Every structure is written in structure tokens, then in C-alpha cells.
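The data blocks that follow each hold one structure.
Presented sequentially are two complexes of chain A, the first with chain B as partner and the second with chain C.
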Partner chain A sequence: MSKFEFPQSIRSRPVWGTLEPRAGKHHLMIADAQGAEAILDVATPELMTGAHIIFIAKGTDYGDKLRALNPAQYYEGPSYEAAASRIQRVLQDAKMSTQVYLSGTESLMGQAMRECTNAGIPYTAVQTEHRGSTARRMQCVHCKGITEDVAIDPFVCSHCGLNLFVRDHYSRRLAAYQGVCIDAEDPGNVPPSKGIYE
Partner chain B sequence: MTIQFNEETFRDDYTFKNSDWAIQRFPFPFHEDSYMYSVNMEQHRGGPEGSIYEKRFDVDEHYVAEMRDRAMVLADDPLRCQSLPHMTLAGWDLLELIMVSKSEDYPDLFELHRDGDQWRWVNKPLGIDDTFTFLDETTLPYGPMEYITRQAQGDFCVLDQRDDNLWMDAGTVTTQADWSLDFDIGMNFFEWHAPVPLAHEKGIFVRALKFLLNIQQGSPARRLNWTMTVNPLLDTSPENYHKWGIQKTTITPDNIGQKQHLRVELQTFFRLPRSNALVFPIRCYLCNFDDMMTMPKWGRRLHRVIRDLPEELATYKGFIDNRPMMLDYLAKFDDGLPTSPGIWPDKDSEPPLQA
Partner chain C sequence: MSGAEKIDVTVTEIVAVNELVTRFKFERTDGGLLPTFSGGAHTVVEMKDGAITRMNPYSLMSDPMDQSAYTISVRRDDEGRGGSLFMHNNVSVGDKMVISYPVNLFSLDLRAKKQLFIAGGIGITPFLSQIKQMERLGGAWELHYACRNAALGSYVDELLSAHPYEAHVYYDDEKQAIALEELLNGQPVGTHVYVCGPKGMINWVRATTEKLGWPREAVHYEEFLAPQPGKPFEVKLAVSNKVIQVGEDESLLEAMERSGVDAPYLCRGGACGQCETRVIDYSGNFIHRDHWLEDDEHASGEKIMPCVSRFEGKTLVLDR
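This part shows the complex of A and B:
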């Protein structure tokens, strides 16, 4: 799958990179869905001897290929939420030389990045690579509820039901973009939704 | 007491009003007949007697009512006041700065008695007389930042300084021009300003940051910023935008002079001694168009500024839809005469409006 080129945007919007092998004894790799491809691309036998791969399949079948890389540790989970406590536990014991690699959706990278910074790893030291869905994790600024996998703009908040437009303003602390009521000044006047990048 | 505090509201029935004194000292933010972003910083070392620049933390006739409004906002939404764990010391720094400044600048209203770390704080307008142990959070009813900012007009952002950047790591924000502390907390200077149009391209934020990083203890700085607000609503928050946004559509040619307010922020910047944090108070002053037009210079100038403002800025500041109606109103107060430089009303020297 080819990589999506995100359009230029404002300064709070995260910019994702391309994974590269880095020197170190320990390599923590967290990916969801097509993010597996970025790990397959960066993996070397040397890296894998110290690698812990945490993979959220989301219905994809990359599991066998990842396992075939022979990482030191491999875990496959059904959702990010299910894997979160494991990620926290792994970060708790992470050694000074641990390299972190995140790949897949912005939601996965954002949330895993937050765990890393909570554990004391500066966000600038964490490698990322976007693959797969461009849907966003959105926070409703009104009710504070998070709606996952938002691919259209405007969208309906899954918590309070307001019609929200999708901003590029992004909070690393929340690992979410901001959604703001689109029809506050003209209730009911909601333009038809289209893809965020259409 | 020297100040008569207004009994007034900033919501629902909107009984907020400015006295003649408040209108005369309103910080009209335009020093010339046009506006564009700039790093318009100056030293915050007093100003003309009676002006909003005179004291370190200006207290005016709206003080008691504003603090009541803040308490209501915080009761509705405690997330408007947050402090990340490493910012507590900066909160104490801020408490000290405000208590010392206010008790020195307004001795008839505020008293601070210090005996070692045993402090007694008397706030007469709010009826507070508390004794506590400095640097001991358990001796105050709130954290130090929340305690003192419930007693000080304006929003307060407390910025941590590290990695050659400033980080929005604590604040009390209930009178904001449509930005969310809860969303922006933890962001750096460029990130929380990300949604502002044009200013990044003009290099404004790079220069402003450089200036702010070098602010020293005892040498505070200040600038004015502005936007427009329909009704004297202090809490124009994104959190409540779905409730107050509709008010923008209630402007008519008949009520615009009373309902449309110029919203001016006096932004000041103080270095805090123990934490090396920077506190960034954002004090909001509101004045409706009718009151502002009592100053002929401001009438002439406001018309020209609003007329010539780039569309991006009118959109960002949220009044693009109402601009034509504003201009219909303001044009009546612009007779084409030249205006004197600077923000002051110059009431004695500016000619009255020519018919």
C-alpha cells in the first residue's frame, strides 16, 4: 500500500516520519493494521534479536509475517485499549537504550506516543510512520468525548450528538484532534459530509 | 474604598456596564488607523495615572462581579483550571506575585502580613481573610494557582520554560477569546498558537518567543490584543460555543451599538522567581460601540481599522458575517478627519465629530 501524503498544515498537527533502524539493544515496536508493513520494511535480523512487537491486527492478516521475523517478544491484541496496560508495563521497565517505533494509524501512534512521554521518553525521540487509514481520533471540545475512526467532516459526536467540524489542531496530551460545533450560529445548517482529505 | 464595585452580570440578563471612568480608561488597542499583527511589546512599568497600565494587576469596578462569574464557570467546568504536576511551585510564585503586588498597589483593598512562612491575606472586596503556610498546599482551600486566580481578574497562563520554548503547563482560563485550556495544556508556544492565521508566516511567533524567553525577574512586559464579542460575555469558550455562538446572530442595526463589544486583552508577562516559569495574565476589557463612540478619535479610527482589516483576520476573530453591519454603524462616526497617533482618546485635543 502506498503511503498517504498529508497536506501541509498548522504547527500543532503532528508530522509523521519513516522508520529507520537505530542502534540499540532494545526495540519496542507498536503497530496497528497496515502499520505492520512499516515494521516489515525496517526489520533486520539484528534488530529482531532485541525486538518486542505489539501488533493490533484490526482485521488484517499480517500476524504470520510479523511472527516470522522472529522478534524476541511478540504480542497480538484485538484493540489498542486491550494492549494499553501491556504497553505501560513494558515502558515501565524500558532500558535507557530502548528505541521506540510506532506505525499505523494516527490514533495508534498518538496514544502510544502519549504512553511513551508519560514514561519519560521525549516525543522527539520516538520514531513514527503513518500507514493505512487516515481516519482520526477526535475530541469533542464541548462534551470532551472521544470519537475514534472519524473519516468524514463534519461528523456527529458519538457521545453528545453535536455536529462537529474536524480541525487540524491536535493535542498530544489527548492524542486527539479537536472537533467543534459546525452549526452553532445556524442550528441545523450542516453541510454534507465529505472525506477529510477530499 | 476608592473603587465602587458594580453589581452586574456577564451572562443571561447581561447587566454589565462601564462607568464614564471605565470608558475613559478603556484600553483602545489601535495606535494608528490600521491593524496588522506585530510583536507590540513594551515594558510593563506603570503608565499614566488612573490608566489600566498604572498598576501591576489592574483592579477596576468589575472586579467583584468578574470573580463571581469565574466561580460560576469553574463550578460548571473544573477543567478550566488545570495545573500539570510539575507546576505547583510556579503556582506559589504566582500567588506571591499577586499578593505582594496587590497589597502594595491597593493597600486600601488588600493586605498581606508575612511572618516567615506564616502568611495572612486579606481581600476586602471579596471578604476573604485567610492565614496559611507559604509553600504548604494543605493550608489553602485550593491549589495556590487556583486560590489566587479566583481572586484576580483576567485569565492566567503559567508557562514552563525548557528546550528553548514555553509550555502551556498550567492555567485558569474562564474569560478566553475562544480557545480551550483543556485542549491546549501541555502544548508549546508554536503549537497553541497554531490556529492563528498569517502571524506564523510573518515570523511573529519566532520573534515573540525570543523576546519572552528573555524576560527577567522584575522586568515585566505587556501588549494589547483584541477581538469582537456580541454581548458582554466573558466566557466565550469553545467548550460553550454551541450555546453562545447563536448570540452572534442577534445583532441588528438597532441594537448593535449596545450589543457589539470590542474585547481587548491586556497581556502581561512576568518571570517567576523560584520556578523560572513565565506567567502570562490575559486581562479582558469589554466596551460596547455606543460607549466607545463617545471618544471622537476612537470612532474615526475603529471604522477605518474594521473596514480595512484583511478578511482572514475578520474570519479568525469571528465577526466576518457581522462586519457589514458594523461598518454601517461605524461609518457614521468617521468624518474623514485625521487622528492623532497613539491609543489614548485625546479628548481635549481631538475635534468633535463633524456633521
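This part shows the complex of A and C:
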């Protein structure tokens, strides 16, 4: 059960799609954790002859299945940060007939999407599919610190310690949702935290 | 008054570029400065040809930052409806003319890491201003320009001497052709392609980019359609409460203007979408020629682009 139906929200909130095979000579596929399932679903032998899969396992065991697809190139890394320089290098050398497929958490897709748009790929041309955790990558709008894997609302900023309300307001440039102090007017008056989608 | 704002200009120079193409220079009649524009923009030139006012769009080819004058290049079309022939035969230095403010339906996407220009024949003109803009911005660009032969290759010498590394020229009569698939395949991520030329060339580039998986957002094209003559037909304009006749050699838009109806327009070539008009009732067949409406809209019988499209049949009632 790795698919999640996100509720309708403001326009700023990214809308993720469903991966489908597209025409192209090169296929760059970047996934984390359960995102591997979306790649397993979309993979065809034709796509795999030109595919470069970059997978961040996050403790899952999809690696062997992805390798068994026999992509032209396969890389598995321990974290997005560890894979970032590889992603940047691949995009730097990529040609226009490259299709990009992103799947997994919003944090992975957001950050990889940012690399794609920095490289000059229109964001509307990059395919995405959410799978797995619904936890968010949050920016504290006060101290600008990033807190990864936020699943509850409100939460405590891991940098400055403010109590932050989880907004659907999203920044493509930062690849993060915005967290705003929830008790600025009345310090200490913080509602109990619950799951973001509860 | 529909269309872009007008500017009164004087023709200050006419140069025969080759057997088919003539260049015209316009300066403001009041001596003032013209607006700057962006590479790829066009102006609509009004031609008083006897009782008929022709309005044809031409790409501006001068430096977009040069406010002293605009230049356009007009290719003579002996088979056309007469606009280009009027420019070639009836316009002299010193003539007063009216042109529109620049309108750009073919602008550069400045987010691109590199601009790839593909031109066919007179389709070179918008790229001449875009190249000047790119040179000013210092951005990466490359031109692939196909023309019939050396004698008809407008601005080939200027391009090759000023930009020996960026400009590439191909002559049909020497069996030179753009190796399109290889060219497109080799482009780095972040490249945008722009094509202006005959319909066949535009379709070729669009189909090849689609096959290679280029994003649609990175493929830009401009093709001005001249309205084609056709059988005369009658139109009822419901809002104006007029019944008008569209002659063999005029467009529906021109017939509306002749009847004193202020219909919206911008490009007059089926590209911009400004003149889109709702059909209230019809009995007959549409001859859609624009590339603004989608195929299903063409089939629906609910919309028409009066600048280039026509009608054959008994009744046509428009919401205008």
C-alpha cells in the first residue's frame, strides 16, 4: 500500500502524476524507497536499454528487482545528498532526447525536479509519481532551516526550535513546503500534533 | 480600433536583396523614436492598394534595441493575393505608411541554456533580430539555414562573415540538407529549438522532436499563413446585425472590416488566436486553415478564425 490520494489543496501544492513510457533515447529514472515500485511498473525492455536508474533505498530491498530490469546504468546510494552530485553530473552531460522519471517521496521528487529545472528542462516535461511516505521536506520560514521527513503538524523546527504549522505553500526553488510559527501571537499556545493528513 | 496600436512611418530605404526579396526601412514620420521590441516580433504593414487596405504581418529583422528605424524583408509572391507585389511594385522611398506596434508571437524563451534556430528561405527574418538579441545577451545560439541556392540565399554572406561558427547554410540545389535527427540528438539538455519556414519544414522539425522525446515546451515555430482565395460566401453577423458578402480574393476578416465591423485581430495569419469567433448557426462546410484551434474545435463547428479560414454552404451566422 504505497499509493496515497493527496487531498485537493491550494494551487501552490505540487500535483504528482503517474509514470508512463515516453519516446526518447535516454531515460533517467530517480527514485527512493517505494518509488521503486513505480519504476518496476513503467519499465519495458526498450526503455531499459537507454535507462539510468538512480535509487535511494532508505532501508528497502527493491535494489535486486531494479537491477534485474537490466538498465543500461544502475546506481544505488544511501541518501539523496549522496546521490545529488551524480544527478547533477548526469544532467550536465544529458542530451535533449532524455526523459526524466521521478518517483517516491515528495522530498526526493522536489529536489530532483529542482536539479532538472536548473539544467533547463521545463518542469512540465518531467514525469513524477508519488509512492511511499507522505512525510514532507519543510523549510522554517523564520530561520530558513530545512527539516526532512516531517509527518506531523505542528512540529518543532530542528534548527531554531519554533513550533511550526505545516503549510501546503510550496517552493520549487527550495523544493520544500513552508512551516510558519503557530504560536507567535500567544507563545506556548500550541495545539497537539497529529498526522498531516489526519 | 482592433489590432495593436499604429505608428505613422516613412519609407527611408529600399534595397533589392536578391531576385525575390526586397528590404524596406521605416522611420517615424514625426522624427521620434520607435519602440524597442524583442527578437522574433512582427509588425502589421497597412497597404492602401486602391480601394483595398491590405494588412500583412512581416517579421522585424533589425536590432531590437535600435529605435531609429525598423527593417523588414519582403519576398515577392507572384501567386499571392497581392500584398508582397504591392510592396515590391508600388512602394517608393519617401512614401508615408502605417505600421503596427511590434507584436511577438515567436519570442525567445530566455530560460533556455541554448537557442537552436532552424530557418527555411524567407523564414530567416525573425532569426535576424533574435540573433542580434542573443549577441547582446551573450547567450549560446546556433543557426541552420536552408535556402534554394546561393543566389536566393538572403543575408547568407552577412551571417557567415559575422558568425562563422554559429551560422550554417545549406543549399537545396547543391543537395545539401540539414541532418536534422543528428542535429537534434546532439543538443544538450536545456536547448530550445525555433523553426520558421515552409510548412513542410515546420512539420518535419515538430515530428522529429516529438519522435526524439523533446518536451513540447522547448519547440517553437512560426508560420504566417496568407489568407487563401476561395469561393465567395455570405455571412450574417448577429451582433452587428449585418449580412455581408465575402469576395473571392478577400478574407472573412477583411470583409468584416470593409463592412465597418471592428473585429479583433493581431497576426492576421492564423497563429495568435485574437480573432477567434463563435459560430451561432451554420449549414455547410468550414474550410479551417488556422493553426490556433485544436482539431476537435475545427470539427465542432463552434469556432472559426476569420483571418484565414473560409466557409462553403448556405448559412453562416457569427457572434460578431
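Rule of thumb we're sticking to: the second predicted complex is superposed on the first by the 197 of 198 C-alpha atoms of A that agree within 3 Å, B and C clash if a C-alpha of one lies under 4 Å from a C-alpha of the other, contacts with A are read in each partner's own complex, and residues count from 1 in each chain.
We take it that a contact is a pair of C-beta atoms (placed from the backbone, for glycine too) under 8 Å apart; a residue touches a chain by one contact, two chains touch by 3 or more.
A quick note: this is a predicted structure, and the numbers were derived from the prediction, not measured.
Participant: On chain A, do chain B and chain C fit together or clash when superposed?
Facilitator: Result for chain B and chain C: fit.
Participant: For A:169, is the partner it touches chain B (first), chain C (second), both, or none of the two (neither)?
Facilitator: first
Participant: Vertex at chain A, arms to chain B and chain C: angle between C-alpha centres to the nearest 10°?
Facilitator: 60
Participant: Identify the partner contact of A:184: answer first if only chain B is touched, second if only chain C is, both if each is, neither if none is.
Facilitator: After superposing on A, A:184 lies in contact with chain B but is clear of chain C.
Participant: Should A:192 be classified as contacting the first partner (chain B), the second (chain C), both, or neither?
Facilitator: neither
Participant: Among the partners chain B and chain C, which is in contact with a greater number of residues of chain A?
Facilitator: B
Participant: Using the touch definition from the top, say if A:10 reaches chain B (first), chain C (second), both or neither.
Facilitator: A:10: touches chain B, not chain C.
Participant: Quick check on the superposed pair: does A:125 touch chain B, chain C, both, or neither? Answer first, second, both or neither.
Facilitator: A:125: touches chain C, not chain B.
Participant: Quick check for you: in the superposed arrangement, does A:98 touch first (chain B), second (chain C), both or neither?
Facilitator: Second partner only.
Participant: On the combined arrangement from the superposition, state the nearest Cα-Cα distance between chain B and chain C in Å.
Facilitator: The answer for the closest chain B-chain C C-alpha pair is 7 Å.
Participant: Note which residues of chain A are touching chain B in the complex, please.
Facilitator: Residues 10-13, 139, 141-142, 144, 162, 167-169, 171-174, 178, 180-181, 184-187.
Participant: Quick check: in the complex, which residue numbers of chain C touch chain A?
Facilitator: Going through chain C, the ones touching chain A are 111-113, 184-191, 210-218.
Participant: Which of the residues in chain B come into contact with chain A in the complex?
Facilitator: By the definition above, chain B touches chain A via 79, 180, 182-187, 190-195, 200, 238-246, 248-249, 321.
Participant: Considering the complex alone, what residue numbers of chain A touch chain C?
Facilitator: Spelled out, the residues of chain A in touch with chain C are 22-25, 91, 94-99, 119-122, 124-125.
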